[in-house]
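Have a look at these structures, which come just after this line.
Each of the next two complexes has chain A plus one more chain, namely chain B in the first and chain C in the second.
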Partner chain A sequence: MIHMENVVKRYGELVALDHLNLDIREGEVFGLLGPNGSGKTTAMNCLLALLKYDKGSITVFGQEMRPDSYELKRQIGVVPQEVAVFDQMTVQENIDYFCGLYVKDKTRRKEYTEEAIRFAGLEDYRKMLPRKLSGGLLRRLNIACGIAHQPRLVILDEPTVAVDPQSRNRILEGILELNRKGSTIIYTSHYMEEVEQICSRIVILDHGRSIASGTTEELKRMIRTAETILIEGIVLSPEQLSGIQALKHVFQVDYDRGTLHLTVKCTSATHNLIRLLHFLEEEGVSFGQVYSQLPTLNDVFLEITGKELRD
Partner chain B sequence: MTVFRGYLMIIRRNCALLLLYVGIFIGICVMAQQSGIGTGMTEGFAAVKLNVAVIDREHGVLGEVLRAVMERDQNLVKLADDSQILQEELYYRNVEYILVIPEGAEQRLEAGEEAVVQSIMAPDSTAGYYVESQVQLLLGQIRTYLAGGFALQEAADRALALGELSGEVTLLNLNGTGGARPDYNFFFRYLPYAFLGAVVITMSTVIMEFKKKAVQRRMLSSSVPFIRQNLAAVASFLLVGGVVWAICIALQAVFYRGGIFAGMHTGYYLLNSGALMLVALSLGYLSGMLSNSPAGLNGLTNVISLGLCFLGGVFVPLEMLGSKMKLVAQFLPTYWYSRINDILGDYGTVSGELSAVVWKGILIQLLFAAACFAVTLAVKRGILSMRDQ
Partner chain C sequence: MLRLYWFHTKRILRGKEELFWALIFPLVMATLFYASFGSGVDLEEMNAIPVAAVRGENVAFTSFLQAMDGDTLAVQEMEEGQALLALSEGEIDGIFYCEKEPSLTVVGTQLPESILGALLEGYLQNASMLEEIGKTHPLKLPAAIAAMSDSQSFIQNVTTQGNVLDNNLTYFFGLIGMACLFGAFMGLTSAMNLRADQSALAARRSVAPTHRRTMVVSELLAAFTIQFFNICILLLYLHFALGISFGEKWYLLLPVCILGSVTGVAYGIFLGSLHLSEGYKTACLVGSSLLMSFLAGMMFANMKDIVAHHAPFLSKINPAALIADAFYSISVYENPSRYLENLALLAIIALVLVTVSFVRLGRERYDSL
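And now, the complex of A and B:
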């Protein structure tokens, strides 16, 4: 459905997109994950032909995407990172206006506007001006304006930035509902939990390059970490730490003497936690809380790039 | 059509501001003019008489003549020849001017001396100088007659008679209104402030809504071509400008019993004000594109509207501007608007050279509007390309 091949975008010396390749299939929720400044928004701007790129090619629905590809644009809905609405129009007028940029028929536009208002849960706020809305409601209005014309492809650029948890859940549920209704979704974010929660396929970007891609499970299988064990309130001697390091399937041990936190990373195997607890029992070491965590996308990013997603 | 509708929607939200500006302007303009008619404001200065005293220590012909002149032109107050009384009367401003004719004044006058009489004025009295100059004028006339061989009595009588001469002045009826400008010319003179104030601030506020980065990105991502978006903006501006212009034209017709439609130069007035409306619209477009905040916009629009009105001869008549100021003002559309308005107010027929000036002025205004519009598009393109970097 969307094909980006070897796309290079430079801002002077800075390479924002470095031979980026993306393939997005119809009907999927595609996640573009990466820290701030990794090139997510630039990639979307190139995809929408809002930015000229230096090299490569982009096709959408099988056709080359150009600034004047208005027929293609008609089938795309955009939800920008910043709230893009008119302060001097009411909620309903805003949705109706942006829907009208795509839908000429007045009756159909009215129907679509009503549907978008219902979808975003803005029924009680339709006559209000945006400045009267809370941050979460504003974000919902922003989304409603982008999807009101019921596009085939919806691009959401970090739609949940600075949103309360309740609104965030509502937004994420809404995105999945859009997908169930047939829209293909491109979702860019630096919140790995969100991407993990809703995306069927993910590309991780760093410095404008795709560093990994696949489903959540595929990405997690790419790294050594299969389990992270965290133990709080534990006092260990250097010999005991070496003993833990020597346990089977353990490949990394971090101990913080200040907070008395022990972090043990293990490769894929069964009974890692039992083996560790057994060792501590034999050593007569007492400890507080114990947590066992499966790898996250942050672990994937950390292991590939050596830095945290939110660095 | 949607974009056009969007512009109109936001313009409608700012309509109150627009109408408020126009309403206040027209209200003040009409009230000021109504109160000015028949009260002397439009007829020049009113004559006033000062309290003056004459102390005649010689009791001769010169004293009589000077006393007669003072009685004729000022309020003559009788005072005793006592220095303390004179000082007090001046101090309390019971008199503004005291003329003292010392003994031997006539002799000195006939001898051609300058210091013939003495005068004392109330402190900081400006009006006293006018009386003094009147006295000196009379003495000068007597000297002239004396030099011509007349005796003092005859010279004094003739000088006195000169001051009573009067003539009749008839204004040339160049514009068919007996030399006076038609009432509605006053309305049109101040119209630029209404246009520039109201239209520039309203339209630039609207433009600021549409130039928000996120909104522009959303608009550019839509299926409406960029050129059509711009055309919609221009069309909505022209519509609003046209409506405001039509309202003002209709109001002047109501206030002035037909106004320009009952007078001369209807077409020229319409063209001149229409061209200025285009200037105001283009400036509104430009200032909206240049401003980044409402506070900045407010400052910019005030500078534009007040600056153009002051320098362009709207608030201050063109004749009162200095030559250097005029040189600068010639680059401003309001200067040409005011110049045309003055010509239309002063002349009954506009032909030949005057017609050329009028057409040149209208053309300059249109060129200014076109240049502003072109600069706005360049700024817009610049903003978009800056965001691309």
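And now, the complex of A and C:
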């Protein structure tokens, strides 16, 4: 459905997209995950023919995407990172306006506008001006303006930034509903939990390069960490630390003598906790709370790049 | 297109800041001007300006004054002391000294004094030529002076119809020029909303499948319509509320208002499409509009004439000065040539700005956002 091949975008000396390749299939919820400045928005702007790029090719629905590809644009809905609506116009007028840029038929436009208002849960706010809306409602209006024309492809660029948890859940549910109705979704975010929650396939970007891609499970299988055990309030001798390091499947042990936190990373996800607790019991070591965590996308990013996603 | 046009018309009408600058501010300024100058702003009959000529060695200048004596000047030869007394008692408006370097003494800053200043200025610009003619072909001196007097177009124009405006009206004409240019606030917002590298809203609109030209034209037409009505409201307010007369040929004001509105809006689009911060662009807009209005005589009535005489090119490319001068021409001159010249220059400026606007807004792919 969307094919980006070897796309290079430079801003002077800075390489924003470094031979980026993306393949997005019809019907999927495709996640583009990466820290701020990794090139997610630049990639989307190149895809939408807003930005010139230095090298490579981009096709959408099998055709080259150009600024005057109006028929292609008609099938795409965009929800930008910043709320982009007319402050002087009401909720309903804004949605109607943006829908009207895509749908010429008046009856169909009205119907779609109503549907978008219902979809975003803005029925009670239709006559209100954007400045009167809360942050969450404003984000929902931003989304409604982007999807009102019922596009085949929806591009959502960090749609949940600065949104309260309740609105965030509603937005994520709405995105899945759009996908169920037949829209292909491209979802860019630096919130790994969201990407993990809704995306069927993910590409992780860093410095404009795709550093990993696959389903969540596939990505997690790419790294050594299968389980991370965290123990609080524990006092250990160097010998005991060496003993933990020698346990089966343990490949990394970090101990903070200041906070008394022990972090143990294991390559297998079975029986690690039992083995570790058994060892501590044998050594007569007392400890506070114990947590066991399966790997997250942040671990994937951390292991590949050596830094946190939110750095 | 019509739907987009109505949408943007509504949007602009609800934009308090844009409307404040384009409509409310000029209305407030007009009221303040009126409060300052009172109601003595109307057409009045122009009589020859009484002046004294203090005899000296400059024969050419003396001949020049004699040539101007009549419709334009009422010249009386006096001794210096007598002339100064007459000036202080208001019997005359100025004293010309016919010395080697001719000079003028006035006490006021109203229109007669500015005409006298312009007369001397015009003479000095051609003095060496006249003196040469006086030496070599003294018999041809009157003809040369007459030819030079013809080139003093503003004096000529005044005398042909015999009307002149109270100088205070110049302030209001400058204000109308400023009001036209303040349409740039709407143009600025339009540019910010249309260029994807200026705002997220513009980027969102740029990825929509509506033809770029349709978007630009609908937005420009909406801004222009509102600005035109703003100017009409200002003129109606000046005429009916403040009692300012624009003469009988009021219908000639409409082309000026139309071109002035287009120029103002297009000027804002030009500024809005520059790669500067919004605050900086607004500052540039306010600063440049006020400067142009100042040079058009909004704050100092004689400024328009001073610029016209010392930097004529500047007054030909200053839309505020052209608008003010077009209003002046309509109110004063029978001959429409000066009005038409202003209109033509304004049309050229508007055309250039609109063309630049279309080029700047027509761009759809950017190097950076």
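A few points about this structure:
Here, the second predicted complex is superposed on the first by the 310 of 311 C-alpha atoms of A that agree within 3 Å, B and C clash if a C-alpha of one lies under 4 Å from a C-alpha of the other, contacts with A are read in each partner's own complex, and residues count from 1 in each chain.
Note that contacts are C-beta pairs under 8 Å (C-beta built on N, C-alpha and C of every residue); 3 or more make two chains touch, one makes a residue touch a chain.
Note that this is a predicted model, so its numbers are computed, not measured.
Contacts of A:Lys73 after superposition: both chain B and chain C are touched.
In the superposition on chain A, A:Lys52 makes contact with both chain B and chain C.
Of the two partner chains placed by the overlay, chain B and chain C both lie in contact with A:Gln88. Looking at the shared chain after the overlay, A:Glu239 reaches neither chain B nor chain C.
Within the superposed three-chain model, A:Glu13 lies out of touch with both chain B and chain C [touch as defined at top]. Applying the stated contact rule after C-alpha superposition, one finds that A:Glu217 touches neither chain B nor chain C. The intersection of chain A residues touching chain B with those touching chain C, taken from the two complexes, comprises 11, 45, 48, 50-52, 67-68, 70-71, 73-74, 76, 78, 80-86, 88-89, 93, 97-98, 100-102, 145-146.
Chain contact summary for the complex, chain B toward chain A: residues 1-3, 5-6, 9-10, 13-14, 209, 212-215, 217-226, 388-389.
Remark: chain C residues 3-4, 7, 10-11, 14-15, 196, 199-201, 203-212, 364-369 touch chain A in the complex. Taken together, the chain A residues at the contact with chain C in this complex read 11, 45, 48-52, 67-68, 70-71, 73-74, 76, 78, 80-86, 88-89, 93, 97-98, 100-102, 145-146.
Listing the residues of chain A that touch chain B in their complex gives 11-12, 45, 48, 50-52, 67-68, 70-71, 73-74, 76, 78, 80-89, 93, 97-98, 100-102, 104, 145-146.
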